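Working notes, beginning with the structure itself.
Here the chain labels run A, B, C and D in written order, and each chain numbers its own residues starting at 1.
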């Protein structure tokens, strides 16, 4: 079994074997720095153009060797998910394991092939290094250990979510996506590296890292608690938020961003409505302040303001002109994206903290602004952008040329209209997709087939609607044409609408990124349709102010002037939401908090304007 | 549609009959002045939230007006005009398909913009036509220059129109 | 002049001395010492003193994320770090139910055997030095460095390769690696006769090591001896064969034994295992190219990795013997408890204390090196 | 032979009421047993079933349950199988019996556990300090000893202030998150 027997007595002459080595050339190490292996884990270099300062390297560092340093002058943009921080390494602690390289979401960090590094100054400080692309102390060595596909510790792929197949969803308004199961949610939550980019980018600064962590820990209630710190529209935002958080997510630098929106939805759905109400009411004032606040408009901005103020013990009344509260979240978003019962659940929570909502009351006609001013300590106008703009192209005044917001409102309200067998939609935003997909569903159930054409000015590279909206709309049979400029709504001799003609758009934006379309006159097309729906911009109906107040108020480029806290030029009036900042639910929520805080300060200062 | 643009219906004939640069500039300047006066008159008539737009347009016309005045004063006008027309601006024809409004009682921001675009469009076409019908030389160059200027103005308005009317953002 | 407070050194009443052997003895590994009671140069008793090497690895591991410990565990045994990484990874894989890809299994076997070669070269070199022969030590260490070159190329690190990770290995081999490893094996193979002439069949060594620190198989079993030291008492036991892990079931190798149970036997076992490791590596080189695919199965984000609650006792055969990790998870993102059964912890303390009795002072270092004791495994 | 022995042992152990028996796989068995019965079990395993090798004794501090778990890993060279026998003792006073008379290696493990967890093994030959000879604090492997807090109290963090950091601070930047902030 063995090479040498235990009984072997050996030889006294054997060692002379070593004499043969006398003739060998001695091994000499060169004085120059030796370049290590291609994979060598030497010293850090960090590509500052790629690094986003997410500090994930710091979190994985097993020796607490990494300190984050703020560097003025570097890009610092929460919306883009970039911080002006970069990691510095303490080489008294680093053990060169390279985990920072393998986990780096951006792959900006690498290690070099530098073997030995000594400093002329024998001071400890010189071993505290801010790695940049130029190597340590400006001695650049080739890259050694750097990110490779098989060594990546970041999970770049999102958990798939079950959703209805196009054929089964295209004739009804049932919710499309199933939402995560608990298992899926935990796995998806585990992809998060807790960098907080989402928090910084969120208009209302939702505590996403905290609620993602809670979901990962299996504690959905804690997740809900974290959500209600900043967002009483968590059901809504869990489904239809524009999720800037996911745009900023550092995992999204190279892979699918963490599905933060769906995680929010998961946690909200996982906790019973009753329990959500209890959690939301935590911290509610146990006194009645005696102050009264009127809020015009029951959309996210108005109701968020109401929620905060009611929790602070004030008497809040919300006036809504339509039959039900919710504003655009109810009358603008189709039910297949946001089921009404989930919206109702959010609103129930808000009501449960004491907010009074009065529907079917139109301010301006039923009650005047002047009356509100007299009856309340503060008034908030949060009426949103409920009027659709028209292209005003020739023929656009035909009765079968409609505005998307009007139709969406009718669909929600259950008001009937003749569903056209074919329809052309002008516009390329999410609202255009909403109306196109809603009508496609109605066509499918009435006529068994879909004939919806969407014509958008923008090309697909600059499209306004979310990619998934475009994808799903197509799956449902909607034809989407990009780079088409509306020319004319064609009306035949009998006054019947034939359809829309469009021109090809050669280019749409100038070098500054501003709109400057150039049309191809030769490329003219007629899209047949018994109805043309205009789905471009939206605006506010500000007639409620009346002439006098309109004149008294200050305006800024057509919009009511308000500072970032919603304070208008009139002391008792605040404004919030889409009408100030443009359409976005989560912005409206953020606005609501700011306005509520501003009103709170105002009320506490005791400067009552009800003299 | 140029007929609708205020003060421009007869201007083509008027300019055509002029022979010297100074004369032509004089007529053009008076067009711009009229436009400025038109917007200034409009300011108090529109609702307060729309005033900014009319005010901006008035300022814009005032700038045109100043431009023409300065050109007339400048002795090196021929040289300057030559340099400016090296890169002709292309017309993109966006506003062609927007109906000109009847600026009646219910004036809104969109109507004002439409009107303004139509006015710039008419002026642009006019100068372009004049440049096409004149022999190469200083006068031809001047029309070319003026057409370019009006095209640029129109395009600025088109951008504003898109931002105000077409994109209220992607929405929800 | 004699100072007033001078006291003459009191001579012991007999020939008995107490001596601190180490920690700075050139013939002793690491920061380790023995308090030896002597009668003349005959050892009456020995007490192991762990010294100041304790870094509290087990405690440290409880405060770190599961994956952060992969950078820590190789430090438990400097000369043979790979088994530490592999054994720790195996434990997590078992707790998580991870199936590691076959390619990763073979890559692990490859590293384990490379590490064993390096460790055995270190061991016999060290042993030679304790008997005053320094040339074998230079040879052993110099040739070990050639293995470290291959480690550097494969893993990015020379000694602490930190190449294994729960789920597999961190990245694939560089191109042409197996060719260069093969060339190294050819070289090492050619060196074996040189080692034999110089050391293993050197009459000076044989006569010096025979019967030194001898134990019977019965004693070895009773004292919990494992690894080459156990095989040197004639018992053919090897975790690789008898409690197989990774790809070892698919590999041909002999479990080498020697009959003497003494320092000589132990060295001869290691000498034979050099040959066996080369043999295993040659099979790896032949087989590995046919095993395609990933080198790591998907693992969760290391920052949010909860290992399912449970406990496991994983074992591998290190160059020093049976290495085992007892890992307990309470379902959290950090280990609840990691107990490292360092293979040397048996023979570096109790066994050595027993074998030293009756030996001569100059043999203590030799006994320690023949047992291939690795003090950091004791201290952890 | 070895197969039969395993089967015999499985049958035998399954029948004993005071223990919980779980075969994890062909070479791993877990047994949970009351502390008073453990030495007898080990004696049985060693004497009747060839489990002659005590691979290790592991100790786990289950502080919330106020218990120490002791795990005896024994290996049979005959059946190539490892039995891990788990038992729990009260954390206070943390005293248990030595199995040194059965397994010599127990002396090392028991001494280690005594030093690190403070469990006293009656009958163990050597309960003297081994590694922490100059340590007077509590047994450090106990969960209630926070070594990081101890280190932070006892030692200073090295404060670095290199020129590049001074330059950045002059521009209004500087350290935002220290490593200890995220641990």
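Observations
Note that in this section a contact is a pair of C-beta atoms (placed from the backbone, for glycine too) under 8 Å apart; a residue touches a chain by one contact, two chains touch by 3 or more.
Quick caveat: nothing in here was measured; it's all calculated off a predicted structure.
Of all chains shown, the one whose average CA position lies nearest the global CA mean is A. With centres taken as mean Cα positions, chain D sits 88 Å from chain B. Chain A and chain D have Cα centroids separated by 48 Å. Chain C and chain D have centres, each the mean of its CA atoms, that are 21 Å apart. Among the residues of chain D, none is in touch with two or more other chains. Those residues of chain A in touch with two or more other chains are numbered 59.
Residues of chain C in contact with two or more other chains: none. If the chains shown are joined wherever they touch, the resulting network has some other arrangement, not a path, ring, star or complete graph.
Interface residues of chain C facing chain A in the complex, by the touch rule stated above, are 64-65, 67-72, 133, 135, 142, 149, 152-157, 160, 162, 170-172, 174, 192, 194, 196-207, 254-260, 264-265, 268-269, 271-272, 275, 294-296, 298-306. Against chain C, the residues of chain A that register as touching in their complex are 1-4, 6, 8-12, 14-18, 27, 36-41, 56, 59-60, 62-63, 95-99, 102-103, 111, 144-145, 148, 150-151, 153-155, 187, 189-194, 213, 216.
Contact residues of chain D toward chain C in the complex are 27-28, 52-56, 58-61, 71, 73, 77, 80, 82, 84, 103-105, 107-108, 116, 130-133, 140-141, 147-148. Across the complex, chain D is touched by residues 55, 58-59, 61, 64-73, 84-85, 88, 90, 92-93, 124-128, 130 of chain A.
Those residues of chain A that touch chain B in the complex are listed here as 240, 242, 328-329, 332-333, 385, 389-394, 396, 427, 429-431, 457, 464-466, 485-488, 503, 510, 514-519, 521, 536-539, 542, 547, 550-551, 553, 555-560, 582-585.
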